[in-house]
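Structures are listed in the sections that come next.
Consider the two complexes below, in which subunit A is the common component and subunit B and subunit C are the respective partners.
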Partner chain A sequence: MKTNDVILQTTAKVVFFIIFLFSIHIFFAGHYAPGGGFVGGLLTTGAIVLLLLAFDLRTIQQILPFNFTIMTAIGLLLALGTAAGSIFFNVPFFTHAFSDFDLPLFGHTSLHTAMLFDSGVYLVVVGSAITIIQSIGGDD
Partner chain B sequence: MIAGMLTISVILFALTILVAVIRIILGPSLPDRVVALDVIGVNLIATIAVVSVILNTKAFLEAILILGILSFIGTIAFSKFIERGKIVERKRDR
Partner chain C sequence: MEFVLFIFLPVIFAILVPFAYKKIKGIHTGWFVLLVPLVLFSYYVSFLPLVMDGGHAISEMKWIPSLGIAFTSYIDGLSLLFTLLITGIGSLVVLYSVFYMDREKEDLGSFYVYLLIFMTAMLGVVQSDNTMTLYLFWELTSISSFLLIGFWYTKDKSRFGALKSMMITVFGGLMMLGAFILLSIMGETFSVRELIAQAPDLMNQPYFTLALVLLLLGAFTKSAQFPFYIWLPDAMEAPTPVSAYLHSATMVKAGIYLVARFTPIFGSASTWIWLVTGIGLLTLFWGSFFAVKQTDLKAILAFSTVSQLGLIMSLLGAGAISYHATAAIFGFATYAAIFHLINHAAFKGGLFMIAGIIDHETGTRDIRKLGGLMSVMPISFTVAAIGSLSMAGLPPFSGFLSKEMFLESMVALRHFELFNFDTWGIMFPIVAWVASVFTFTYSMYFVLKTFIGQKKFEQLPKQPHEAPIGMLIAPMILATIVILVFFIPNVIGKWIIKPAVMAIQPTLYASPSAVDIHVKAWHGFGAAGLWLTIGVVVFGTLLYLTIPKWQPFYRIQPEKLSLNNGYDALMRGSEKGLNRVSRLYMTGKIRTYLLYMFAFMSVTIIAILFIKDAFVLDMNSFTAITLYGSLNAIVLILSVGFVVFAKSRLAAIIALGGVGYSVALFFVIFKAPDLALTQLVIETVSVALFLLAFKHLPALSTHGETKRNKVVNLIVSLSVGVMVTLVALSSHSQKMIPSISQYYKDTVESEAAGGNIVNVILVDYRGFDTLFEIAVLAIAGIAVLGMIRLRVSRKEPNDENK
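Coming up: the complex of A and B.
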């Protein structure tokens, strides 16, 4: 029987971008407000899972042509590299540095190296969760 | 007055969640359990909103959004499981 799910597919195409933008917002809101890399990664995973529910695995592999295992590896390298970079400055492991800058568009902002660690956590969470879902949901 | 009403409403939301948990345990069919899970999600959102009014803070509003998104995706996944029998398809026949 030919299934008809126009409403689900049309809704998923719009809601995917809403969830993805909210995940980016909650990723950059971290460190001073609730948020951070883990929750942002989980929300991005939720958006991709919504696309997987509305479409199928092969379509998602075409429109998001990433190897998610390599994405996990890049995230681990980024997180460990940020954590290990502090020992070259003669400070304890995992020490993070921050300073205040006057950026042209954002105004007075404080930039932290913890954000690099957080982006590593984000990549690890998205890559491992999507790998698990692809390998579990793929078998018939 | 307002504080007492808010406390009573939190207690009533907790009772509603308890009733929904009983329906999840006893529920004869799968759609009963799915609807009860959705009821738990909506009542958790309402409880967090009332608690953030009681504590006079804005820190929990993003948790409300995240719960709404996760409950939405969960309801879609359960309804697709009930209708099709599988959740993530490898190749959709069209």
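Coming up: the complex of A and C.
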């Protein structure tokens, strides 16, 4: 039976971007306000799942032509690399560093290595969740 | 320069080997690899003058300082001797392998990587002063040996032999680890040197004997002593350079090294002397006796290696007597052990290479098909004859000197009066002499049956001819050493053996020159060794000439009673038996496993709550009931009820989502926005995931469950619910440890420069947890991918045995 899902598809197209932007916001805000890499990643996954419900798997793969397995690997390497990086500065494993910078456009900004680690978390969450969904959903 | 890093040179070089193998096609990879042992050998030779005066060198690299574990390279006479053996014989073996291993047909990349890993491991074993790193390297030798034996992994026998050797040597390694841990408990240090310094105190500790036995198990399994030797003949499936290197010259001598290294600690115990000497002699006899039974050239050499290792072992045991008796003859035994160890490495390495050459040039190693090769392979014959005569203990070869010292030492055991040796001591020289007769016999059997006798070339798979000169260089060098040592034994003694003897018995000698031993080939007609040697030659020749008459008697031993059969039965039995045990409770149904887990969890936790009287209820800490809260709770309970009674999966999954959302609402009510957010999104994603997986599941069925099953399920689920409720209530009602929240509040700004404690905990305070969690998440993702996307069709045949 062919279902008519015009409304769902049209809404999904818009809502996807709203959720995605919100997830990015939540990811960056994480250090000071509720949010963080884990929730951000999950929200992004949720946005993609919404697209999946509205369209089918193949369309999603065309829209987002990433290899999510490799994304997982990159995320894991990033997290591990941030944690291991501290060894080179002769401080214990996993010591984070932070400092304030004056950046163009952003103005006075506080930058953390914790952010790098968090983006690793974000990538792993998105990567493996979508990998799981793709492999289970794609198995026909 | 921290020379401890040189231990790692081979393994670092191993990283480059696959590139050299892939990219540089014109040159045999072995030529590059040859550099490593050569460089190391010439570097370590520079330690000789230092060590000769009784000095030592230490270089340390911290690894896990908090546990006192470090890579410590400790170079004294004993470790330098082994180091030179490893790098020296290593160079020759790599040179030999360049001609033995075909560049086109063999996977040289893997071969040399394994070999270099082994080299690092072996250097680590003999140089480590720290018992924990010694253990690490010890097991690494077992693993690299496993890889090398199984190098031709398409052959069943290779895989079997590899597994057998690993089973036995890793078992011994674990026993040895036990000994090291006991020693560290007794001496409160991992350092061998410090343990040796407190040797007299260790003697009286309760664990002393246990540690001794465990350590010897490690040494005996590695050095192929009776009854653990059974792995060595099967290890002969390895390529011949490997047999020459690992299974005769170096790895199997790790056990000898261990015994020598720990002699200062355990040597004064009577158990040590009895076990090391007794098992050593038994192995010597057993190996030499069964060597004549073999028909495969390499098997003969394997049994002869077993027997020679027993000989060295027994000498080390006899050498330990010098802690009790001052007679110089017992110091002699240790000297003889080291001397014979060097000689054995030289002649046995050469013999293995010759066996490889014969295999290479004739296509067979079966001694029944071989014969009369002398005329076509004169150089090989000469080398083999030198090696065999040295092994048999004849002049003018180095084996004669050490063999005679061995016989003298064994004869001297008669005069030792402690520990019941006055009654049983006479057994030792007799067994030693009989074993020497058989040693002579199998040495002749090896060389004469192959090279002399009838020519049977038509039976050979290949037309035999002399090996290429490159292949002969390494065995020729070894044969030259065998002869050279006979004429300058005391130079070798002064440079290498005496420092090693001093390292084994540091309390007895102030400096290497205090080891007052002068080796002579001729002791006059009064010497017992001379007459024993003459007896060995006479009886050995007789036995050799009558081999066809008595060789069939080996068949009297029924196959069922052999040690090999015992090993097979043990392996098969444990596999079957354990399978049967696990089948008892492993039904293959997840619901059964969940039942076990939940039942166990609730029973233990409720029992502990009850026994420890830990249940406390403090109503004061609870918040007041609100309207939103109670509404939400009603929704929650309704959805749970719906999950339980739902008739279809779809309904159950959606109801489960409802449960999750209402829990998220609770988080909102209790002002935990982070948790609420996460819970909401997780719930959304997991419902979607469940729905995706849903269509792959079979229709909901009862799985043939009876009423009794259902009652059990009900009881278990109720008890889980009760358990969780009780734990939640009492953990909320009592704070036994002050909460850490205040610390987080105080430091989140100053230490982590953040504002959101929850996220700072995730990425900073408890970043380790997150790191491992995302690793688990990634593994789960890849596992699902592998399970579903990459799964191999079951109909596809297993091509392992192709």
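Here is the rule we go by: the second predicted complex is superposed on the first by the 138 of 140 C-alpha atoms of A that agree within 3 Å, B and C clash if a C-alpha of one lies under 4 Å from a C-alpha of the other, contacts with A are read in each partner's own complex, and residues count from 1 in each chain.
We take it that contacts are C-beta pairs under 8 Å (C-beta built on N, C-alpha and C of every residue); 3 or more make two chains touch, one makes a residue touch a chain.
Since we're looking at a predicted model, the values are computed, not measured.
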| Is the number of subunit A residues in contact higher for subunit B or for subunit C? | C
| message | Taking the superposition on A as described, I'd like to know which of subunit B and subunit C A:Asp56 touches: first, second, both or neither. | response | first
| task | Considering only the touch criterion stated at the top, classify A:Phe101 as touching first (subunit B), second (subunit C), both, or neither. | result | neither
| request: Figure out whether A:Leu8 sits in contact with subunit B (first) or subunit C (second), or with both, or with neither. | output: first
| query | So, A:Leu43: does it touch subunit B (first), subunit C (second), both, or neither? | reply | both
| Which superposed partner A:Phe66 touches (first subunit B, second subunit C, both, neither) | neither
| Touch check for A:Phe22: first (subunit B), second (subunit C), both, or neither? | first
| message | Output check: A:Gly35 vs subunit B and subunit C. Expected answer is one of first, second, both, neither. What do you get? | response | both
| Hey, what residues of subunit A end up touching subunit B and subunit C alike? | 26, 33-35, 39, 43, 46, 49, 52-53, 133, 136-138
| field | Of subunit A, residues touching subunit C in the complex | value | 26, 30-39, 42-43, 45-46, 49, 52-53, 69, 72-73, 75-76, 79-80, 83, 94, 96, 98, 110, 112, 114, 117-118, 120-121, 124-125, 127-129, 131-133, 135-139
| subunit A partner contacts - residues on subunit C that touch it in the complex | 673-674, 677-678, 681-682, 684-685, 688-689, 692-693, 696, 752-756, 758-760, 762-764, 767-768, 770-771, 774-775, 777-778, 780-782, 784-785, 787-789
| query | Across the complex, what residues on subunit A touch subunit B? | reply | 2-3, 8, 15, 19, 22, 26, 29, 33-35, 39, 43, 46, 49-50, 52-53, 55-59, 133-134, 136-138, 140
| Contact residues on subunit B for subunit A in the complex? | 59, 62-63, 65-66, 69-70, 72-73, 76-77, 80, 84, 86-94
